[in-house]
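Input: structures, listed below.
Both of the next two complexes hold chain A, though its partner changes from chain B to chain C.
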Partner chain A sequence: MTRGIEKKYVQLLRDYLAGQGEDQLYDAQQLGKWLLLQDISPEEMIDLHGRALEYLGDVPEFVRASFSILTEVMIEYGNEHRSVTSMRSKHKQFQSEMAVASAMQKSLVPQELPVYPDVEIGLVSVAAKQISGDYYNIVTHDDGRLCLTISDITGKGISAAMCMSMLKYAMESLGDMLHGPDEMLRHLNRVVERNIDPSMFVTMLFGCYDTQKHRFRYAVAGHEPGFVYRAKEGRFYDMEGKGMALGICSDSHYQEYEVHLDVGDVLILLTDGVTERKIGRYYLHRDELVSYLEAELGTSAQVMADNLYSKLLLLSQFELPDDYTMMILRRT
Partner chain B sequence: MDLTMNITRNETEHLVSLSGDVDAFTGPKAKEAIMTSVETPGVAVVVVDLSQVEYMDSTGIGIFIGVMKACKQVGCDFVVQNLPSRVERLFRITGLYDLVSIRKGESE
Partner chain C sequence: MAELYPETIKIDSVADIVAARQVGRNMSRQLGFGTIMQSRMATTISELARNIFLYAGEGTITITPIEREGAIGLQITALDAGPGIADIRKVLEDGYSTSGALGAGLPGVRRMMDEFDIQSALGEGTKVIVVKWRS
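Entry: the complex of A and B
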């Protein structure tokens, strides 16, 4: 602590003892804030107070001696203060690392949705926290295929972001080998199984939509497949699909499924942040979700996805406990 | 909501009964308790009762996958019993239902 501060403190104390004014009390509060910013510990402050008393007059021996007790007691407060300061600094560092991971994660998903003359795509993906455990991708191919991935990684945070990066690059390299969706998941499962923590797993639906023949071929790994709306019948159906989540067994095999879309038909792919939604004291029921989807059928795929997200957010009183992703594909 | 656990032990079988929510916050506590049973010398069967579980998320499912893998390594049987319908649905969707022994306990 500098001599300047010591002199000012002596002056402050002297003025207060002379008149006991409100101004000095206010100055003392400001000084306290400043000392905290300067990282001055409580025991240093007590030491300063003791020295200031010596400047002001004869200090009785018992008062002087009592400072030793007070100093010892305040050392613990000082330790606590230092640990809070250190935690605050670590927290700042953690926040900045999370911001980097979050930015990296955003770079892993497509920034723009592709546009086709007779297929609309709608998408809403919202993270419950800074880093999402949901992963999606939309990749267009020259032969007219549109490959869709929707996936949920156990846990959130940095481990989810790193796993997501592994999924994206593994899928890119496997995609070049032109496997079908079942083969893609079989190979991807081996990569995931070898490279993630034993308690982690990934659920995924991966499929390719043929924009010429309007046929969606897909495979499922531990993921709820979603819905298909048949315009001619005016009905929603649960999409078929079953398969072991990625990362559980090294030798899992997957089955390929196929859905053909006629004009007006809609595919709805989602993560459990949509279906495992708690509305008040109960969970969102499948029929309820379908009725909300039905209410949005006259709109574009993107408006449908946006409106459904708003509707569910409103119903759950603006709480989003889990990451939420919904992808909508509509043949126009 | 919190998670409470009750463990009944005999020489060869441990029964871990979970009650409440199994999620990212409570999961590590449940995993530690179950893994302690798995790693106890002489224990041949570890049973986890889920009848009182009100909520489980994917972190909870992850715990059972981790325990299942650990049981395979030490040669211990892992049984899950009394799955509430929502938990059973998660087990079925992820494929875990076909991998672990599922049984209906005395309470059913």
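Entry: the complex of A and C
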């Protein structure tokens, strides 16, 4: 520590002892900030105080000796102070690594939505933390098919991101070779089961929408199927579908389901971050969600998805405890 | 420096930890270390000796005045034939201590000293050597 600080500190003590004013106390607080910036440890500060006392008068021997005890105790505070400093820089590095992972994850999902003359797509996907455990994909095929994936990976953070890239590439490598969604899930299940930690699993709905015949063929693996709105009846129905989540059992089989959309019908796919949310003291009910969906029916698929997200966020007091993904398909 | 010789203290009780601290403090004072450095030296010796006592049961602390290229320093060697440390990288991480304790521990010792070396083999023992130079 420099002699400059010592002189300043002695002066500050002198001024304070002369008048005991709040001014000096304020200066002392500011000095504290400055000393922290200079990386002066607690034990050095104690030592400084001990030395400063010698300038101010005759220091009784017992006071002088007591500083040894204080110094010894403060060394441990000093160690903690130094460890926080080093953890802070590690934390910074960790944060920037997370930012890279997060950016990489964003590159795994489609950057823009396809446009069709008579089918609208709306999408909102928001991660609760930096890395999302929700995965979705929208892939167009030349024959007019539109393949949709919506999926929830147990476990968050890096492990989810890594699992996600595996899912994406496993699905891509299969491409058009497979027959139906049931086959796709059966294959993915084997990949997931072999390659991820036994404590993890993946829920998924995968389906292909025929943009000419307006038929959606899908299969479900442990995923909560969404809703279908029938414009003619003015009613929402739960989509049907059951199946074992991916990664649980090596020989799971899946069933194919089909829904047909008429003009004005809407398909709503989601992850459980949409439904499992607390509003005040109770959980959002599926019927309630339907009534909120109903209120947004007049708008385009994207506006509907955006409004619903805002609405639910407001209801849960801007808390998003889980990753949220909603995909809306509307035949116009 | 001619009058200062290395000293080895056998550690197998709390009283030995205190004795080792005392030797380290005296020697660092004689070498001209400031009061804070004397205390940090004592704390370092405490931590190393306590680890010997807690995890190996017994061992030694050797305190050696050293001179290298005109610089004067103090070297502490902690040696035991205890269980050894499985993952050294891990125990040097902040916030790892098994006792959940805050404060010094091995990461703290490493930061207080100028040089830090640790060798350990499972089932064979642990050797920690640290050096602090007088500035």
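By definition in this document, the second predicted complex is superposed on the first by the 260 of 332 C-alpha atoms of A that agree within 3 Å, B and C clash if a C-alpha of one lies under 4 Å from a C-alpha of the other, contacts with A are read in each partner's own complex, and residues count from 1 in each chain.
Definition applied: a residue touches a chain if its C-beta (ideal position, glycine included) is under 8 Å from a C-beta of that chain, and two chains touch if they have at least 3 such contacts.
What you see is a predicted model; the values in this text were computed from it and never measured.
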Exercise. So, A:Thr71: does it touch chain B (first), chain C (second), both, or neither?
Worked result: second
Seminar exercise, completed: Of the two partners chain B and chain C, more of chain A gets touched by chain B
For this session: For A:Met204, decide between first (touching chain B), second (touching chain C), both and neither.
Result: neither
For this session: Please work out whether A:Cys249 is in contact with chain B alone, chain C alone, both, or neither, and reply first, second, both or neither.
Result: first
Exercise. In the superposed arrangement, does A:Gly155 touch chain B (first), chain C (second), both or neither?
Worked result: first
Exercise. First (chain B), second (chain C), both or neither: which does A:Gly222 touch?
Worked result: first
Exercise. Touching A:Val109, do we find chain B (first), chain C (second), both, or neither?
Worked result: neither
For this session: Determine, under the contact definition given at the top, whether A:Met87 touches first (chain B), second (chain C), both, or neither.
Result: second
Exercise. Looking at the overlay, does A:Leu289 come into contact with chain B only (first), chain C only (second), both, or neither?
Worked result: neither
For this session: Could you pull out which residues of chain A sit against chain B in one structure and against chain C in the other?
Result: none
For this session: Could you please specify the touching residues of chain B with respect to chain A in the complex?
Result: 24, 31, 57-59, 61-63, 65-66, 69-70, 86, 93-96, 98-99
Problem set entry | chain B partner contacts - residues on chain A that touch it in the complex | 133, 152, 154-156, 197-201, 203, 221-224, 242-245, 247-249, 252, 272, 276, 283, 322
For this session: Mind listing the chain C positions that touch chain A in their complex?
Result: 34-36, 39-40, 42-43, 94-95, 102-105, 107-108, 111-112
Exercise. What residues on chain A touch chain C, complex-wise?
Worked result: 43-44, 47, 68, 71-72, 75-77, 79-80, 82-83, 86-87, 90
